[in-house]
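One chain, chain A, appears in both complexes that follow, with chain B as partner in the first and chain C in the second.
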Partner chain A sequence: MADAAAIQTIDLRKRYDSVEALRGLNLNVATGSICGFLGRNGAGKTTTIKVLLGMTHPTSGQARVLGLDADRPDASVEIRRRTAFVGEDKDLYDAMTVDEMIRFTAAFYPRWRADLQARYLRAFDLPADRPIKTLSRGTRTKVGLLLALCRGAELLVLDEPTSGLDPAAAEQVLQALVGHVADEAATIFFSSHQIANVEQIADSVAIIDGGRTVLAGSLDELRERYRRVQLVFDRDAPDPAFRAPGIERVRRSGRVLSVLSSAGAEPVLDEARALNPVSMDVVPVTLKEIFLEAVALED
Partner chain B sequence: MLSYKAWLDTRWRFLIGLCVLIVVAIGTVYDYLAVQRLLPLTRTIDGDGAIRARVREAIEIERTYRGFVWLQWFRQNLAQIGTLFAVLLGSGHLLSSGSSGAALFTLSLPVSRDRLVGVRAAVGLAELLALALLPSLAISALSPGIGQHYAVGDAVIHGASMFIAATVFFSLAFLLSTVFNDLWRPLLIACAIAFVLAVVELVVPDVGRYGIFRVMSGEMYFSAGRLPWIGWIVSAALSASLLYAAVVNMRRQDF
Partner chain C sequence: MIFRPNPSLGVPIYLQLMEQVKHAIETGALRPGEQLPGIRPLAEELVINPNTVAKAYRELEHEGVIELRHGAGAFVSAGERPKKVADKLRAGQAIVAAAVDRLHARGLADEEIRRLFEAELAGLSKTGGRNG
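Moving on, here comes the complex of A and B:
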């Protein structure tokens, strides 16, 4: 089905003068999912989001959102009618009050949800008559989120939604997002540096590095696939050449050999037995470890 | 709602401009009494030279109240201050007066860039029209206070001339604002261009005959009673071209 993906990019490229921000990005976000979009600083997350929302023109490749071509001006307007966005800076119009900001935004969305507006005004404890410029970053984030959640949007695109928030406020925002998806059957695509947040609410992840997707899939599937096998020897650990598929990294440290596999533990264990270790343990791998591995960083 | 936002973004520039121009308009009206007292003293100005000729010409024009208002208000004060505020109204970030992050919020709305820019331009032009007309009409309203009469029709025609010519500087600043992200560069560049044009008109009379400030003051209407249609059409066409270039530039921009 052509529209099964809420977001799809094919070989998407974006060059700013001498900098290539996106280098053939392929992305597929299923409708109804909560997809965490991870990457290092400068990996291309914000550029991707801007391309998806028609704020930046791609150099080449395709970006489709809700089945529409993001780079066609008329389609882009329709995408933004059906999509809500919260930017990284959480900047709104300083000259308006919270109430004016809500009325201003609501005027553009025929499916504006007054019931959700009332609910989130209460839940987030937002001061309707306070000017935006006097609000803290956390409160601005909540206003931005209210404006996003009440649009009746099919897709929410959030750039670092919890950045700069204290843990309590971040938790409140995450719970609101999860609740929204459960109630409204929307798709959420959010970038974040907070891997714990992604692990908490996402059901799929896409990790990009250097403008390319380096890993993508359902979180459960990744957790299932990725395993660390710890082998302990009664002598210095050997330096074997594993032939098993999916070996991502082998690390020796004294008598311990640690093998990270992206194809489950069994093939590694089969090979490891021949090395005669005194113990073999299979350890689940966290999303943080998977991320660090995907972007080739030492944890 | 976009027009409300554009109004919020520009209202202080507009209101300050309106206050300044109305104060200057009031001052212009009441200056006439002092000028009338000084006119008899000007008989001593004689001799040759371009500057003396201009002074004598100005004195002759100011012997009538209509001439005084035209010279002091439409040719000098309104043209100079109005041009400055036309540039100010056209300058600044077109999508948000705040940070670039707020511009991203604007761009995330289901509105085309053409419409965003169009509404911002329309609000700015409406404010410029008010700056050109309201203080000029204030002169008609205040003139009976000093025992004089200034026709509303004259105020409207000269105000319209001012508006149409000033839209060129507004549109130039508007276009520059799609190139530069700050308020100051469009403002300074547009003001510098206006200043150079004014100096050229002043020192090169042949060029001055076709100059934008001559159109702005409605000199043809004042001296010959004819509407400066060609000046109006050329100014409007130039302004429309600059605004169109701004729209095209905004379409292709990355944020």
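Moving on, here comes the complex of A and C:
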């Protein structure tokens, strides 16, 4: 059960008229994990989410959610029953108060969790009596998230859950998400441009660009594999052809040679010693740098 | 709690957490037999993934630093290990302090000394033509 995939896509493709939004997307999100879904605007994130929720048909390839085929109408109903989705526009009714909105939503879900409702009303500082239309963008986001968390869903699909939130509100939301995964053994799949937020709570990431997966895997593993080796020379930096595996990029600038490796620093250092640099430094690489490198390679 | 991992450090968070737990034991902030926070409360407090906390605890148990007692939580292992480590660290600190003093006396700045230590630890001393 722990190893079963909550989301799996194989060579998923989607064409809209002349535009190929997805061009062979492969995803694998483990049950009980928090997966950060990263990509530039227009990379295909929204299309992917639509396919997963059965809101649009893929042109070819496979998408399975909670073990069910997302493209089959009956399975798709089941997927949406067991999955909570919060999009960027939060689908709230402006005329209702927060409390009315909650009661209205709860009526549709037999597994509604009144205990979680009470917890998140408090944790998110939500004003129960205020009409939705008077709420700030951040508070609307938190209402939308509360509605999703209380549904008793096994899978949460969140599109930019922290966008437009101040740092304190974003922290409240992230805290609710990690608490939810710990208590409910739920899976969270969330897209975000806030790389620091992904770095903070995700255990895996999938980076897509141009409708393809360019990098995916455990965040711990990426942190361990990626290293930047900075070499300084007492002359102009040479332009060596490194043979070590996993060399992602080599940049020369004056007397400095900067080598980005996705296979640790050791193989690079072994080769670099022969070049007689006056200094060698190894620095860890942040997820932001990995992301920029992953999407730049596909340009 | 005394733990504070930094997600943007480029080092796996579970490794940072493991180091911080060990450090807390070495300094005596956590004593043998004392209970560590539960996975959920710690994940929520630090706002990190609960699987990350679980992984750090599993690895610490594997190393014999803590014990996971079924249904009761995580406890610092009883035993002399922490004290020995603390003694070793104290002795090591004296050696480092002496070395740093000598390097200062030779006119090296803190940042230069830090780089030398880091390069030495990264196994770079085999490099020919190193300056400084």
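Heads up, the rule we're going with is that the second predicted complex is superposed on the first by the 292 of 299 C-alpha atoms of A that agree within 3 Å, B and C clash if a C-alpha of one lies under 4 Å from a C-alpha of the other, contacts with A are read in each partner's own complex, and residues count from 1 in each chain.
By our rule, contacts are C-beta pairs under 8 Å (C-beta built on N, C-alpha and C of every residue); 3 or more make two chains touch, one makes a residue touch a chain.
Fair warning: this is a prediction, and the values are worked out from it, not measured in the lab.
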| item | value |
| --- | --- |
| Touched partner set for A:285, first chain B, second chain C, both or neither | second |
| First, second, both or neither for A:104, with chain B first and chain C second | first |
| Which of chain B and chain C A:15 touches, first, second, both or neither | neither |
| Chain B versus chain C as contact partner of A:193, first or second or both or neither | neither |
| Partner chain(s) touched by A:57 [first = chain B, second = chain C, both, neither] | first |
| Which superposed partner A:93 touches (first chain B, second chain C, both, neither) | first |
| Partner chain C, residues of chain A touching it in the complex | 32-34, 171, 174-175, 178-179, 181-183, 196, 199-203, 219-220, 223-224, 226, 234, 265, 269, 273, 276-288 |
| Contacting residues of chain A [partner chain B, same complex] | 16, 50, 53-57, 73-74, 77-78, 80-81, 83-85, 87-96, 103-105, 107-109, 144 |
| Chain C residues within the chain A interface of the complex | 7-15, 39-40, 43-44, 47-52, 55, 115, 118-119, 122-124, 126-131 |
| Interface residues, chain B side, partner chain A - complex | 1, 4-5, 8-9, 96-102, 104-105, 107-113, 251-252, 254-255 |
